[in-house]
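Chain IDs A, B, C and D follow the sequence of writing; residue 1 opens each chain.
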Amino acid sequence: MSNAWVAEVVVMPKAGVNDPQGEAILGGLHDLGYRAVSRVRAGKQFRVEIDAENEAAARNAIAEMSDRVLANPVIEVYEIESLTPLTGAGAER
Amino acid sequence: MSNAWVAEVVVMPKAGVNDPQGEAILGGLHDLGYRAVSRVRAGKQFRVEIDAENEAAARNAIAEMSDRVLANPVIEVYEIESLTPLTGAGAER
Amino acid sequence: MPEAVVNSIAPGAWREVALSDDEYALILELLGREPTPVELGMFGSMWSEHCGYKHTRPLFPRLPTDGPQVLQGPGENAGAVSIGNGLAVVFKVESHNHPSAVEPYEGAATGVGGIVRDIFTMGARPIALLNSLRFGKLDDQRNRYLFDNVVGGIGGYGNCLGIPTVGGEVFFDDSYSGNPLVNAMCIGIVTEDGIVRAKASGVGNLIMLIGADTGRDGLHGATFASVDDPEASHRGVIQVGNPFLEKLLLEASLELLTSGAVVAMQDLGAAGLTSSTIECASRGGVGAEIDVALVPRREEGMTAYEVMLSESQERMLLVVEPHGFEQVDAIVRKWSLHSSVIGRITDDGMVRVMDGDVVTADVPAEFFTDKCPTYVRPAAEAPHVVAARETDTSAFSDLKPGQAPAVLLELLSSPNICSRKPVYERYDHTILTNTVVAPGQADAAVLRIKGQQSGIATAIDCNSRYCYLDPHLGAMHAVAEACRNVSCTGGRPLAITNCLNFGNPERPAGYFQLDNAVQGIADACRALDVPVISGNVSLYNETANSPVFPTPTIGAVGLLDDVCRHATMVWKPGQSIVLLGAWSPVLGGSEFLSYWHDAVAGQPPSLDLEGELRVQELVRDLIGAGVVRTAHDVALGGIAVALAKMAIVSGVGANVQLPRTVERVDAQWFGEAASAIIVAVEAGDEERVRANAAEAGVPFLRLGETGDSGLTINGGKAIPLSALSVAHEHGFA
Amino acid sequence: MSQQVGVVTFPGSNGDHDAWNAFANDLGVPTRMVDYRETDLDGIAVVVVPGGFSYGDYLRCGAIARFAPVMNAVREFAQRGGPVLGICNGFQVLTEAHLLPGALLRNESLRFHCDWIHVKVENRSFWTSDVEVGDILRLPIAHGDGSYFADDETIARLESNGQVIFRYCDANGAVLDNANPNGSRRAIAGIANEGRNVVGLMPHPERATDPLVGGADGRRIVTAALSALQVAV
């Protein structure tokens, strides 16, 4: 029997890679008076629901698709931030 | 004396708002054979470094700028996923 | 020698910056000592093909670069020609092939960023972009990914800058699989006396850096673009462009250049601070001293070496008189940018790089430029190319007459011929409100110049299959076709720019292609009287030792005296369709042969440059006289494809007889030839056109007339317009 | 002080020149650029928020621009009933600034889209005073984030109040799915505030004021400015 899982994958620009979006947001926040902000990095977050027999299988699949699709390894790094059984409530978040 | 903090803010499309990016990724994953994936939502993640006297002050500031700038409440919801003291290592992540 | 330098060069370290043993020996001889690590890195970049033009410099003297209209030929950031009334257009094409192979979106985007900087550095406001793209076949997922993301990157950058992308070409062939070609061209406009040259002068003047902070992006991009190791370019940090910053930089730079405070301006492209400092100093015959410690960084812990060789985008180097500093700073800040003084102009001809108190490099500027070795390599045509060219195309079985209409529909939906709308609709082509003839409407784009009666036409072309089969002839075709496309809209070609995309020149077969193609450009330019005013070179385009088709991309710009008198491909019902120019189509090198028989073979069409000149002149005159408003040259796919495309854009069919100059059905419908232009004219003007053609010595052949809701060829069954359109529109799906 | 059209520019605006050209050259009315740092709109009778990529469109289109100093003045101007036209990025800025309801999402295709399209005039507003309801206009679009979104309640209110000003349609005026270039809800191309003085739209009327460059239907939108300027042309 298979179960449903939900993973949260964060994709951020690799260290050293230019992040114009983060810079523009930082500039905007400064103009707005949030001078205490010293740095912003902007990335993506994906919430992926998947069927898998067990947690390990789910994690493997998520890792593989993060590598291949969700992140562009040339300029980004990804992290599986969480992997939890999918409950009814979670599905609606 | 003030301290440095790093916050991770996640911004996701509200329930009911179209998420063509999530749908496109889902389609792409299916094409690649990841048929067990049933749903993908695509959002943003911001990593904000800020100086604040204490954790509560940092959290307030981050919440305020998330409300005003990082997320648009008409279409998005945000969540402060983490708020931690900034260490040397974190700065280079 | 720099006293503070203690690091010595490990044996063979020069090979890591792509210098040969002989080249390293030459450096030792020039310097009379070992270079420092920073100097070695600087030599590696400056003596790369990308910056040093080692293999192409000896070929360049062949190219004609003069003409009364030429205000600036090759040698500056871009060339310039006069368009009258005190105005000039500035233009250039540049490649970003290697970065795009690794990260297509950012590679293409930063390619656009680079060429745009070349234009505004000259003081010109960019008014149009074009691009020429080549990929492997789309049935391969990676090629599809590259295609989609390259187009995305070009659009992403140009759209954000607010410069319309008005034309281009896309071509697919296996030779480009894994090594796409991404060439971007930019056109700017400036008053003749507003042209600025990147020539540093004035001992004691400040060297300033404006724009982005410096990170570790693209270290050694120039070097790695000069070795055929596709993995090599992975080693650096990929450059990520910031078009928003470039837009600010563009506005700030144009304002700075009119302020009078700036002596010279140079963008930071390949080899970053190294090449910009050296080129600026050497053009002005002065020296320069900069301190890397004064360069604002994005990253912590960067070494002098990294700062000197970083290829971070969106940066500009300025030479400013000391008293102009305040003014420059104020303008820069107005555009939300910051500036830093990083050095001074000196009188000793040396390029000196300090890191605080430490001298990390100290070399005469000319060692990097004039002393860069050049190579003339042995050339020999590859036997398999000779064999391909000498293939007897008559051995391929001909089509049956009844088969041709179905083949036409198939060709119309093939990747090299189908509608490019899915590409150009991702580019803003209406911004700046100068686009008189938009993509998809004609052989060239036409732009108005606000406040003037005149306008300009521009196109970018290269049939690289012809170049593969015969590089000399193919390059001539590229020049002829680019100019012909401009002429077909009514523009008189003023000059061209070129981008030489080739494989490894160190192999005799590669050098043969390069050598012959440059000669072909030179010969065609002389015959058609169009000078070359700018260009760019990209060699080592290979995957697994297999080179791309030799691809000398040609961008042409022409002038229309009255922009209202232009032509498009659109015809109206009830007009006569006429073919102007000699017509002897061949299958050699044709799209048909490649698509239908999967053969790149045969002798490509011959090219009579005098006939070419005559037909172009005739068509321009007819357009200028207001007689012709519809013109289209016959190119890929032959005459049937050309007529079908005209019918599709017009939404009006036609009834035509194809010329019976050849026996074979396939050659009659789909054979290719140069120097032939289809025009549509009002029936009442037909005789006048016939007379003008006779006078001009241009063959005239009536093909038929427009009208109806289908295309009827040789009296067969009409192919409904809707069938033609559907085939054409969905080629990439 | 003379009554002028004010074209608001942010860092990254790139449609400012086209807006200026449409009003100053094609319409021949006094027009000036208003820098995002300016704080009063003295002498300005009509405000245009032009297209472009303000702040690079990073974060969200218009998200950062809406906090620019000039936006306070624009808000007061709008509240006093002054005519405001937000074009493309300008429309996005006005929604982010809550001068107009809803938001603009990424095109359904996820791609930037440039083409000439048709819109139908649905209701009266300051900016549709020189066209008739039901007129079909041919205008260029050029955007990656033009999919109009508002929740059901807001959409219902916009519809019942007649605040939907433009809808995408085909050349004959039929509102069909394949005429909707970006997936906007109810094919909405442009809306007005309750006062009908503030209008935002994704298409570019300012790029369509001269037949030489594709069409002049946009001229019929921009001429509305004349009534506010009380100038003789």
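Here is the rule we use: contacts are C-beta pairs under 8 Å (C-beta built on N, C-alpha and C of every residue); 3 or more make two chains touch, one makes a residue touch a chain.
No experiment lies behind these values; they were computed from the predicted model shown.
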| query | Quick check: more C-beta contact pairs in C-D or B-D? | reply | C-D
| query | Whole-Å distance, chain C centre to chain D centre, using C-alpha means? | reply | 36
| remark: Per the C-alpha means, the centres of chain A and chain C lie apart by a whole-Å value of 38
| remark: Taking each chain's centre as the mean of its CA atoms, chain B sits from chain D at a distance in Å of 31
| note | In chain D, the residues touching two or more other chains are 55-56, 58-59, 63-64, 67
| remark: Multi-chain touching residues of chain B, meaning two or more other chains, are 68-70
| Could you say which residues in chain C touch two or more other chains, in rising order? | 242, 244-245, 336
| If each protein chain is taken as a node and each touching pair as an edge, is the resulting graph a line, ring, star, complete or other? | other
| request: Any two chains that touch count here, so list every such pair. | output: A-B, A-C, A-D, B-D, C-D
| chain B to chain A touching residues, read off their complex | 2, 4, 8, 10-12, 15, 22, 25, 28-29, 32, 34, 36-52, 61, 65, 68-70, 81, 91-93
| Partner chain C, residues of chain D touching it in the complex | 11-12, 14-15, 17-18, 21-22, 25, 51-53, 55-58, 111-116, 140, 142, 144, 204, 206-207, 209-210, 212-214
| Which residues, counting only chain A, touch chain D once they are in their complex? | 20-21, 24-25, 27-28, 31-32, 42
| Residues of chain C touching chain D in their complex? | 152, 155-156, 159-162, 242-245, 247-248, 335-336, 424-436, 438, 448, 450, 563-564
| remark: The chain B residues in contact with chain D across the complex are 16-18, 20-21, 24, 68-70, 72, 74-75
